[in-house]
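Take a look at the structures below.
Below are two complexes that have chain A in common, paired first with chain B and then with chain C.
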Partner chain A sequence: MGPMLTKGMRMNRITIAPYQLFCVFFLGRALTSMLYSPTMVGAVNPTGSIIGMLIGACVQLALLIPMFLLLKNNDGEEFHNILLKSTGKSGFVIAVLYLIYYMMVAVAVACEMSYFMANFTRDYDMIFYLLVISGVALYVAKYGLQTIVRVGFVLFIILVLSIVVIGLAGVSHMNIYNLKPLTDNCWNEIFDGFFRYSSANMEMMLLPVLAPFVKTCVRGTRKAAILAVGVTTLFSTYIMFFSATVLGQYMEKVAYPYFMTLASINLFGMRRMDVLQIYLWLAIAVVKVALFFFVAVHIGKSMAPSGRRKPVFWILAVVMLGTALAIGCSLHYFSALSLIVRNVWVLGFLIAFIPAVILICGAVKRRKKDAQ
Partner chain B sequence: MQQEKLGTSLRDNLVTIRSMCGNSADVMIRELELHGQKIALISCSAMINDLNAYQLVVSPLTRLSEEETRTPEQIFDFIHTQSMLSMELTDVFELELVFVYIMSGFLVVLIDGIPKAVALGLQGFKYRSVSEPLSDVNQHGSQEAFTEVAVVNGSMLRRRMKTPSLRLEQLRIGKKSNTIVFVAYLSDRADPRLVRDIKRRLSEVENDVILAAAYLRPFLESGKKTIFSTVSTTERPDTLCAKISEGRVGILVDGTPFALVTPTLFIENFQNLDDYCTKPYFATFIRIVKYLAFFIAVFLPGVYIAFINFTPEIIPSSLLYNITANQSIMPFSVMIEAIIINFIYEIMREAGIRMPQSVGHAVSIVGSLVVGQAAVSAGLISAPMIMMVALTAISSYVIPSIYEACSFLRLLFILLGGFFGLLGIAVGSIFVLVNITSLNSFGIPYLATISPFSLKAMRDVIYRANWTKLQKRAAKVQNLDGAHVNERDADE
Partner chain C sequence: MRNKSKTTALFLALILVLFSFTGCAQANTINRKAIVHAIGLDWEDGKYVATLEYFTPKGGGEQPIDLTNSNSDIVKGEGITIGNAIDSATYPEGKIPFYAQSSVMVIGRELAETGMDKVVDFINFDIDFQVNTEVFIADGKASEIISGDVDLGVLPGETIERIHEVYTTKGMMLDVEYYQFVNYFYNSFLAAGIPLIDASVKNEDGQKKDGSSSEKEAEPQKTLEYLGTQVVKGKKATGQLSLDQTRGVLFLSDAVDSTNVDTVLPNGEPLAVNIVLSETIVKPVYNGSDDIIFNIRINNVINLREYRPQSLQFKNKEELKKIGDAVSKVIRQECESAWNALMNEQQADILGYGNRLRSAYPGLTDWLEKNWENHLPDVKYDLTIDNRFE
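Showing the complex of A and B:
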């Protein structure tokens, strides 16, 4: 009676399984796909976007190579240690850059979700949602990484189940002729899809910080990352395909096409199942914000002198809440933040360029040492 | 109580014992003289079997010849080595222990000139006989439940698990009550560190009296604040056997017809012995029903209120018309209605439990028929709301082990749904989920095997595999030797 107590269930306080890392990566990326808004980024051809996404996934994996090599060379080591070891004091500056980026992503995700909620539920203002999402995310982050990934896994299961049910319910609404053929301007459309997809890959930025937490450190992290890129690409393609075949040209004109697709599906006689779905998205957003915030706090604590690490959480919490409130008051800041966070060059710089530079610095140092 | 040693003088020992118990009426001291050697028999009134005491102790002693009783040591040796007085025989050196033994149903023999006593187990106190379980009812398993006597409960385990690896370690807890507590586990299944940690925690209990197993529960639970319990209870010996065969530890407390079991997982609340006695497909179906019942018990009224108050567009229009028609003539809001009917239900339930059984039936009839019907007729409560609360009440009894958590959460979600709609429900759910996932029971995640996920264990979570597959897991549990519970992290 009852499940057996296997060795796998014994918890080590600081490790997470690769599948848990995959789940939180997937959730984060899935949220971005579900909240995709063509009206914000300019109308696109869904067919071109799908092809662009598939190319984008390959490029994403290629961009991750320096990161994987860096992790392999420093198996199990904390990210800030790698930075300090490889680049000396400038490593501190780089760590601060990453911390700022993680905080910006946390705030941006909270803002995006709040903006969406405020527009579609119309029950409360954006600031109210911002406070709720940020507050709950801080609560989740306080419990630590294990709790975040465990909650993430439960949400992952619920999301997958809901996607399957919605997919089945939506089959009758799909019309393959709604997909637009590629135009003469197809390369632009594909490139557009490629850049847009590649720029929404913030989760991979977490790899260097989370790797030491993962069981079978580098191998587990690599497996989770590759799987996450692959599955999220399939998922994003599905979302795009589903929305395009259900909504047709209307997709290019609505703010949140997947949400509108859900709204148009009548599930088992229940109308407006989209209303239920957005609260699942809210929970996913909370996990995503909590994860980025946790990672920011972890870096902050690593950099803080020992004995002064405890207040880091609360200092960053105040910073996050303050920034979120400021952004909530003015949508201009929100747009600016989204532009920075989703800038493909910023991502490329942090995901590929810095790890490559660190690798090169490390190799040069080693060569100098060998020469001596 | 003083930590005083027994002396060689019987007279002095008896004076001390009499003064310590203040000549309490139930402490019986019988002094005998065997061919010049003075002995005293001490017992507690109605705690020993008088006939056995006479036949096994008094009679053999009085039949001893003068040669056999020349020295006190000879009598002591006779009791120790040559007599078949009792299977339970212990030497006692301290006065404090003399009291512990006589109050546990032992007959204590003191001999003049010997600075120690012999305690003979001749328990004969009256106790409730083994009866059918009252709360852990099932159809196909044994109909025996634990009783109040820990020794009897231990014997029920022994009868079911005839293996020397079943250990029943005795502890005494409670400064005044000196309650007997058995820590039951299988030495080849349970993690030694887990057992050690449990015993350490129990030994740290400093309560004066332990009158029920629940007194020990907080000492074994996860240190985190939660409405769920990481220590479960069972009143069925077969259930406890099943649990300890999986490496868990049972705690039997004298005076309580329930055993505590730890570590406990959330999913165990949805399992019972009947699941393992029926066909797998039906057991799986019943499991799904139980999980659904949990969600209904916790969320249904809250979600209903949220739908009505904030997102009525989600409800099919024909149903919405009916609800609106009903609601339009009600004096209170849906949330207030739900709170009122929920409290009325809890009052009736509490009354039904506390009242004598015969009156309890009357209360339930009055509650369900008269109050419910009258409330609807009087236009105080709408009929859909009565149905909601009735459904949640029945659902919460499908999973009785988490009834308390369910009823608290139900009220919480009624408030959240009433004030904030689905947003409140979603945020509340996140809080509950975070709380439940952060819990560890002696290093085992409370929400395992769901999150962290364990594919192998999934054959006994929602889906219940056939015994031909389930039996294989026993071999795996054996691998727990040298297990991984970290005592330091037990509270994490």
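Showing the complex of A and C:
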């Protein structure tokens, strides 16, 4: 087990602002929504999906309560230290679980984006994009969290501006009657939407590790997280609504509906909005991969003994790159990885169950101590 | 030492970035691409025939583009699949088709009647294809439309697009882009309407040389003619609508922004008005499968365009009412004709009224998918036209 980092060590730590945390959370979740593919995850009823998303947002916030309480009780503490303090040696195992999940997310995002780019540019194959995304993400992650969030903030501004422009362009192409209403099977459709939305909220997993970096600690982290859940939900519902009203039935047949919607609309004669967006999405994917990789490295370093922390970055980099190349070559493995990464039960386990267990363990220990 | 490793890393990253520049890797020069403007697809003798019009400027550098000649080439190829037909059209020219600028797609009648699902299947898998390409159906062959014989200026594809823009702006032609067509195509209870065009022959006098009359027969010149709307139902072209019926469809589906209405008053005076703003409100009422009625209200804002006023006190209420009634009569005739043709004769809902009914009564979704087409002749409508003068 690695040494415990004390609160005093925070004085020298790099800090980020809550709004920067919000920006990177938004970017990560927005990318997932924009890359929604009915051919890969199955078609959904858009109306059911929208209602499911709104319910999912409320459930998501409820599931974050144990996490918020955990962070509040251990304000400024490193996640690794919290695990060790509360659960003893099993804390090491739990930390490893989180590390593996972060690495899996980084690989999954790199593979998904590479697949998308290879299919829509056709200039290079998937391996090329895997190397580019992974390479650039590793480079950005090497420079640290501040670099990641600063780049993320710039991309956030560009994305917001582009959403406004696209929204203006798309208004005249939207037809409300294209939106399929709920059918007799409405509850299944709503649950489907709820599960798909909830299973894609991977960003909340970063909270326990990133919280100590946030300037105003728990308060700022909590605000950023709640705002991120709210805004990304609204954005996801907007994308679904926008795509469904423009494409109608065609939405169920295309690989990437939102991308196809961009290709369909024009603003004052300006076409090919899809081409303008494609490289922005690539940059966002790089930031997302960099963020998850950075967090994985941070946990890895905190578990390693001092004096042996330097190679952690390179070891995990090789693992990530190797795994991404291996999985990227096979859609079969990619589907399996996606099944784990985008799994509402896995997310619920890591976001809500484990923090709740840690809180209970911590409370039990305190009671025993008070009893003594 | 730290600065040195940073510099090294930056240098390596820059080199990596250079590999993404096309000059360092596979170059796609523009003259190797066939920048396709218009695509024509036909079905002849059991094979697909593809006609492509792509941009080839006749001039460049110091030499200006020759505006008297067409600046495009038209190539034709055939094959057992659409992709094969397109490849056989462009590869002998040493070019790779580039669809990012394609604005027009014309489908020949025979292909449209055989089945448009192959066209949709091809386009859905070809990511280069522009999904906001305007779709047309040719009354004969698409290759006759996209042809050097048709007088369409220096860039025929662009000219067709501009003609289409004028007609649609003036509320005379359906505006159907590919993604809109596919939406109706995949909808199990709706049909699609696509503009129907043809290349018609126009005889002109032969050019006179040196003052003497030419004895040579005049070469017939073709022009593009707009015929109305082709109905595509069940993935195949079925019936047609005339120009008047097409405008009726546009009114009924709230697709008219502005249009001109020309008629003759009962007293024989010609009348032309410009409808500057038109809005159609449709409210479906469902009282059982045998009692479906659509309450349709068309609100127009009208400007007089050509009219001789009967009284000195122009724009008196009585006179305006007569004008309004005359305009309403024309619109009502067009709407009724379109309704009869679509709902009673062809049983094809290109108006999208099934979708409106579904939105108002979501519980009818399953019923609509199974029964809408058969129930169309029983569906009733109540049309009200309200005109306001500007």
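Operating definition for what follows: the second predicted complex is superposed on the first by the 356 of 372 C-alpha atoms of A that agree within 3 Å, B and C clash if a C-alpha of one lies under 4 Å from a C-alpha of the other, contacts with A are read in each partner's own complex, and residues count from 1 in each chain.
Going forward, contacts are C-beta pairs under 8 Å (C-beta built on N, C-alpha and C of every residue); 3 or more make two chains touch, one makes a residue touch a chain.
Computed from a prediction, not measured in an experiment: that's the story for all the values here.
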Problem set entry | First, second, both or neither for A:Gly307, with chain B first and chain C second | neither
Exercise. What is the contact status of A:Leu179 with respect to chain B (first) and chain C (second): first, second, both, or neither?
Worked result: second
For this session: Quick one: name whichever of chain B and chain C touches more residues of chain A.
Result: B
For this session: Mind working out whether A:Gln20 is in touch with chain B, chain C, both or neither, as first, second, both or neither?
Result: first
Exercise. Which of the two partners, first being chain B and second being chain C, lies in contact with A:Ala263: first, second, both, or neither?
Worked result: second
Exercise. Is A:Tyr250 contacted by the first partner chain B, the second partner chain C, both or neither?
Worked result: second
For this session: Using the superposition on chain A described above, determine whether A:Tyr139 touches chain B (first), chain C (second), both, or neither.
Result: both
For this session: Please indicate which partner A:Arg272 is in contact with in the superposed arrangement: first for chain B, second for chain C, both, or neither.
Result: both
Problem set entry | chain B and chain C footprints on chain A, overlapping residues | 123, 132, 136, 139, 271-272
Exercise. Touching chain A in the complex: which residues of chain B?
Worked result: 191, 239, 242-243, 246-248, 263, 265, 267-268, 271-273, 275-276, 310-311, 313-317, 421-423, 425-427, 429-431, 433-434, 437-438, 440, 443-445, 447-454, 456-457, 460-461, 473, 476-477, 479-480, 483-486, 489, 492
For this session: Please give the residue numbers of chain C that touch chain A in the complex, ascending.
Result: 9, 13, 16, 20, 26, 28, 100, 124, 127-128, 130-132, 177, 179, 182-187, 352, 355-356, 358-359, 362-363, 365-366
For this session: Spell out the part of chain A that touches chain C in their complex, as residue ranges.
Result: 119-120, 122-123, 132, 135-136, 139, 142, 176-184, 246-250, 252-254, 260, 263-266, 271-272
For this session: Write out the stretch or stretches of chain A touching chain B in their complex.
Result: 1-11, 13, 17, 19-20, 117, 121, 123-124, 132, 136, 139-140, 143-144, 146-147, 150-151, 153-154, 269-273, 275-276, 279-280, 282-283, 286
